[in-house]
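We call the chains A, B, C and D, going by the order they appear; numbering starts again at 1 in every chain.
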Amino acid sequence: MKRIIIQYGGTGDLALKKLYPAYEHLMEKGDAFEVLALGRRFTTRDEFLSAIIRKDAPSSFTDHLDYLYYDMSDTNAVAILTARLKSMCGECDEVEFIYYLALQPSLYEIAIEQIQQVDNQLDCICSLTKKIVVEKPFGFDLESAQRYNDILEKAFTDEEIFRIDHYLGKEFMQNLLLMRFHNDIIRRIWDNRTIESIEIIFDETHGVDQRLGFYEKIGVVRDTIQNHIMQIITYLTMSEPASLNPKDIAVEKEKVLRAISPIQEFHMGRYESLGSGSGHVVHTPTYAAFKLFVNTYYFTGIPIYVRTGKMQREAKSLIYIKFKNATKQVMHDDSIAENAVIITIHPELTIDISMNLKIPNTSWKSKPVRFRFNQSETFGANTPEAYEQIVEKILQGDKSVFPTMQEITESWRIVEPMLQENLPVEVYPIRTLPRFALTMAKENGFTWFD
Amino acid sequence: MKRIIIQYGGTGDLALKKLYPAYEHLMEKGDAFEVLALGRRFTTRDEFLSAIIRKDAPSSFTDHLDYLYYDMSDTNAVAILTARLKSMCGECDEVEFIYYLALQPSLYEIAIEQIQQVDNQLDCICSLTKKIVVEKPFGFDLESAQRYNDILEKAFTDEEIFRIDHYLGKEFMQNLLLMRFHNDIIRRIWDNRTIESIEIIFDETHGVDQRLGFYEKIGVVRDTIQNHIMQIITYLTMSEPASLNPKDIAVEKEKVLRAISPIQEFHMGRYESLGSGSGHVVHTPTYAAFKLFVNTYYFTGIPIYVRTGKMQREAKSLIYIKFKNATKQVMHDDSIAENAVIITIHPELTIDISMNLKIPNTSWKSKPVRFRFNQSETFGANTPEAYEQIVEKILQGDKSVFPTMQEITESWRIVEPMLQENLPVEVYPIRTLPRFALTMAKENGFTWFD
Amino acid sequence: MKRIIIQYGGTGDLALKKLYPAYEHLMEKGDAFEVLALGRRFTTRDEFLSAIIRKDAPSSFTDHLDYLYYDMSDTNAVAILTARLKSMCGECDEVEFIYYLALQPSLYEIAIEQIQQVDNQLDCICSLTKKIVVEKPFGFDLESAQRYNDILEKAFTDEEIFRIDHYLGKEFMQNLLLMRFHNDIIRRIWDNRTIESIEIIFDETHGVDQRLGFYEKIGVVRDTIQNHIMQIITYLTMSEPASLNPKDIAVEKEKVLRAISPIQEFHMGRYESLGSGSGHVVHTPTYAAFKLFVNTYYFTGIPIYVRTGKMQREAKSLIYIKFKNATKQVMHDDSIAENAVIITIHPELTIDISMNLKIPNTSWKSKPVRFRFNQSETFGANTPEAYEQIVEKILQGDKSVFPTMQEITESWRIVEPMLQENLPVEVYPIRTLPRFALTMAKENGFTWFD
Amino acid sequence: MKRIIIQYGGTGDLALKKLYPAYEHLMEKGDAFEVLALGRRFTTRDEFLSAIIRKDAPSSFTDHLDYLYYDMSDTNAVAILTARLKSMCGECDEVEFIYYLALQPSLYEIAIEQIQQVDNQLDCICSLTKKIVVEKPFGFDLESAQRYNDILEKAFTDEEIFRIDHYLGKEFMQNLLLMRFHNDIIRRIWDNRTIESIEIIFDETHGVDQRLGFYEKIGVVRDTIQNHIMQIITYLTMSEPASLNPKDIAVEKEKVLRAISPIQEFHMGRYESLGSGSGHVVHTPTYAAFKLFVNTYYFTGIPIYVRTGKMQREAKSLIYIKFKNATKQVMHDDSIAENAVIITIHPELTIDISMNLKIPNTSWKSKPVRFRFNQSETFGANTPEAYEQIVEKILQGDKSVFPTMQEITESWRIVEPMLQENLPVEVYPIRTLPRFALTMAKENGFTWFD
């Protein structure tokens, strides 16, 4: 069987930074497939290759990388793409087309329509299977996500549609599930009888930079909260699935999302210099902090605090599980720290259990110490890139690292209040935390784990 | 106030190896007290000093170390000791005598009688307080322990009696309590709903050596099981005390001991070469393995397996808390390991939490990894020797590291079946584990954590 | 809209005893629908009515009850039925046909084929909707159940198929779910940390009687175990559903069934006089006892013991939840009884919580007393018959009281070992419990709650 | 052995209403002892008998009931009492004197001094043992309780002192302990992970009446809160004792009391007509409401609300254990009631478990129903009076129903803030609840269980 990835957005940021390296690596490892990059920046394959692919790329990759100048607004677009695909198929009996849409959501409708037309014209050459891959965010909001999906489902079955959230390809996410479900002692402490609160902190140091055009229409809610953050929350709070196969996991994730009300308590900000070179004022939020609850039997009552965004002093990605501290109360000793589990993704993959042990030579004084697991020390630094895993699963037709449409829909429902027009957006100096993050913490009686 | 430690067994093993170093260190640190060593090996202080105390010992120590040739069977013994003590008191208004009995239990009765006589004759010189310190094992069995205590209590109040189990002076023992009572998450998993079994392994590489004369009458049960091992079990299973003061802790420890039935399932062995140079066969057990239960609400049903003794291949002191493993059953996957907490005392002070995490690049395969706390890495290697802590507490009159008479009595009751005459004793080659240890494990469906 | 129930097996036991009373009652309450009874016992409606329907039946019922002599083996069968249905539709714009199959499973295939043909010929008259109702057992075994379903799904969507297990229409079953999910204290004690074992006892006093022809091919496994008993087990052990709507409940029930292995430990018997008047030996089992486990995180390790069957001394339907008894062990007092929840369905709907309270004028002696809830005392005896609820839900198109095909499939998989040929069948005297029930209890260390 | 109860306050309320009936009943049952009533109301035994003892009292009682006119302020008092006791002893070899002080606390000092003198003079006649019984409240406050105790302990050992709180003689109190410690399922739900709050309501309908003189100096805090209420709280929250013997229970009760801080949130009132006939204003509180916490690991965080006092519309004594209600939150359905355990002492001894069950013919609607245990229905109405049990235990020397001095001391410490001078006292109309009880409930977000 011949497999062809038709790469929409073939000269874009995602393709260059994430997808081509993943393709190259997979081809080196022996995966057999062709890539047809579509774009408007270059007219010929040679231009494309010389501008975009580094000189020393191995032929195992470049031999399978083709390029097509493709302008969706051109009336001949469909015909041109169809012709090229037909020629790529050649004499092959069986072909799989993988349409990979690395596009602005606003271009989805037209792209999918054209794919349907291409599809109709190709349908007779040989035995065809097809897949379509769509990047997050899937849609702009609840309504558009459902609309796009309706369009997609005219041409593709749900089984053929791969909706990407590349966080699901990350090793730490999968580890999170195993940590929860392969450890009886974790299961004993992972509920609202023991957990006091959860903090999720995803701070980036970089800004929007040259992606302004893209980001301006997206903002932090669509960029990371509706997808990555919501997925993290499902992994943290889902119940034991019947098995670890994708469908059973999806059942449990959907239960979590359905148990979350639309976010009521949230705040947004943008960094001061955002869009400063663009000649116009940009109000797009680049930072947000909010609080939500997962109203299931085992998690109801645990506040989950999230803060995430750009242009912070320190790059930091972590989840802080704070446990109830009866000891402090019972011992009337405020110096007794709470227990915690700290899952750090960045700068390093570590899991810490924070517990109190005796300070030697004292009379029953304790201080918190860390019981640490370090991913790279234990397993080496051989963790594959998320996109490599993602692409491999697409080729294999394995849906375990893709959110379902219902998950996406519920996530949009949850974040919808944060997408309203004309919400206040606090301006914050770069390298500083917006004030609202601190205010929110104070009002809720906690301190961010910094 | 002047304090004088009257050191019975002043030329014995314990004094030389543990007590004098502790005294020296405490005096260097500034604690003020005199030591009067009693013994029969030397006639004069000079002999004593030159034979026993290293040349470069600081004068802060040697200036306060005196020696008296003392033969308890001598009819003048009491008079001689009384005279020396009077002279040591000098003009002092207030004196505290600390009688430290580092003797064979068989000599206790005569020693205490003489102390009473000394005491009576000293009673008028000046304002006196007194303490008496007795080493473990306190007695040979339940009956003799109570008898010795009756004798002791004629001359001393319970407040004045310090019964030693030097394990209570060890940092790791105190840490064990804090770990249990200062950590809400540990408290959640530390009961019979979560723990499957507990193993206590205390293997020594050395044998009895020149201590044969002493050890022959003692054996492993009196040497370590009745005291150290029983104390460890109380620390592992006692309920939350009302506070961490000694009395409240003792209340809870006594509850544990009362909830243990006399040991029924046990096995004993001695190493092949035991007493080989002595010209007679020695049947004293040097190794034992046994199983018991703590029948309190929170621990009933958890088997506690102990093995301990001499002449093993590897020196190893550890406690292995094994948790129930529902995951294995539910996932039908025998490769999923149980969770465990491993408290290692020797060769290094560490606490490990063993949990399962994902093996990268696999589909939901996990393996056990260690979340580790290392005492010396975190707190430095400044842990004081147990005997230094013990002596310091005696000087301060703080009873927090001494078992109560009730604890001692209950412990004797528990081990009594292991003290019967003519029990079978398996002979094992040195550097090997007695077979019964393995048989017992097999019969109980577990494997020693090795 | 006109609704017509086409009653296959219209002169059979089920129709007469359960369905017609339900229809009559629903019509009296105002539900509007027609019933067309099919059968071979009578040639005319008058015969049918006078033989089968009691004289004083209200016209609100009899006016809507029609009869058709129907022989499936007749080549004209389809034509005749089609004609009658067309005439019943009359000028109506909208009609719903409800095909209700109260037939031997062996007749399903032919019946469904004919329904398809009827359906094809009716398809043009007016706006049609349709439903099909199939009785339990659905199929003879896993294979045939799937085969029947494939046939059904050619003519009907899953949404249109109602697979009956009338136990799901019983008030006590629904109460079981609410008891578990509307009570925080029940949720706290309903897992393998607290429950020791579960017994399910469904003893009937009556035998097979005139139903021999039917029962002979069915036996106790297909008659009650594959359906009622498996459903009870799901209600007892399912996790909290996302909501109480039918789909969410089905998700959780399916998880339970998937977590049960095919039954390994089982025994079967038949009562001595079974088929005594029939002139041939009947080996069909009329009683069974077995043990199984639900291998989910919260229930793994709890043995579920079931016994059920015919010709017992006492009619008794109950579920006995027995809790772990640490108290007995801790107090060393065998007279302290275990706690239990006892759900009695027959002879009376009651729920008892059995707890120990002090016997007055004793020193700390307790005995078990019952904290009782009695359904009829609290809510009156107005509980509707199961079949009335079932039929009402069919009319409404509400699937909350019907097992899904996946549930049925999993149930067949679980009981399959009990359906093998040539299994030993113990003969038991009537009014006695088969010996294997007692042996099984003894071997498993329990006593049936009698 | 001869036993003589010397009844101080022999013509007082307590003696007449409670003690003499208990004595009579015990003597009828065969207990052998003499009673010497002391008093000033009558000069002779005949007067005493005819005024106080009903005509038809059996001779088994009256034959053993003597009377002595006794005025403690009389200088001959001691001599007179000594003489009488000597004569009562007669030729007996062994006598036990039981001094029963049913007096105002203010008379304790003088009474005890005289007892000591009597005691000294009796000491030589025959073999004597002695006991002293003191009524609650023991002392007026922390300081006086300790002072009285110091006086007592000059003449009596702690073993000889019986401090009464007659609540401990009540069957329901002992039942409370057994309910908690003989039932594994109760133990599972009886902690701060499951309990939301506890209400203790002890409302009386009667007022102070002719006891004004006594009550005026006492008030509600000393009359019931420092003793009965504090004891109830220990029974509700104590940990599992090592055994059910008095010492082990006392250990756990003391732990509870030590874990309670002096009450901060409290309110007091007196009923309008209090002392109306006395010619002076009486400010003594007759009603109080307050809140406290038991800061042990298992109960910290559970508010305990108490209200108690006189002149209420309805006599009601009950304890309401309210459980957390996650269901309501998870189901977003405010009509789902909380679970509760309701222990009713008055008007009838019952224990109810309140749980939600399905309202028939609804779709998943539940309402709370009661699972009830009724003491007299199950065990008959043969519960002995508290004082009979109390006196029997005194005769037997069994201290299981008497609070220890430490319990009393801790209780005084806890209520001390409520004993300060010049606290505000709300005046409430009779048969009404003081407003502060409602305000307190409102401020704490709960409603009294009425």
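Just so we're on the same page, contacts are C-beta pairs under 8 Å (C-beta built on N, C-alpha and C of every residue); 3 or more make two chains touch, one makes a residue touch a chain.
Remember, it's a predicted structure, so these values are computed and weren't measured experimentally.
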{"item": "Identity of the chain that, by mean CA position, is farthest from chain B", "value": "C"}
{"item": "Which of B-D and C-D has more C-beta contact pairs", "value": "C-D"}
{"item": "Same or different residue numbers at the chain A/chain C copy interface, by half rule", "value": "same"}
{"item": "Centroid distance [mean C-alpha coordinates] between chain D and chain C, Å", "value": "56"}
{"item": "Geometric centre distance via CA averages, chain D-chain B, whole Å", "value": "47"}
{"item": "Multi-chain contact residues (two or more partners), chain A", "value": "187, 240, 243, 259, 296-297, 326-327, 330"}
{"item": "Chain C - residues contacting chain B, complex", "value": "192-193, 259, 295-297, 300-301, 326-327, 329-330, 332"}
{"item": "Residue ranges of chain A touching chain B (in the complex, touch as defined)", "value": "171, 174-175, 178-179, 181-189, 194, 240, 243-244, 323-327, 330-331, 336, 338-339, 351-353, 355-361, 363-364, 366, 369-373, 375, 378-379, 382-384, 400"}
{"item": "Footprint of chain C on chain A - complex, ascending", "value": "187, 239-240, 242-243, 251, 254-255, 258-259, 296-297"}
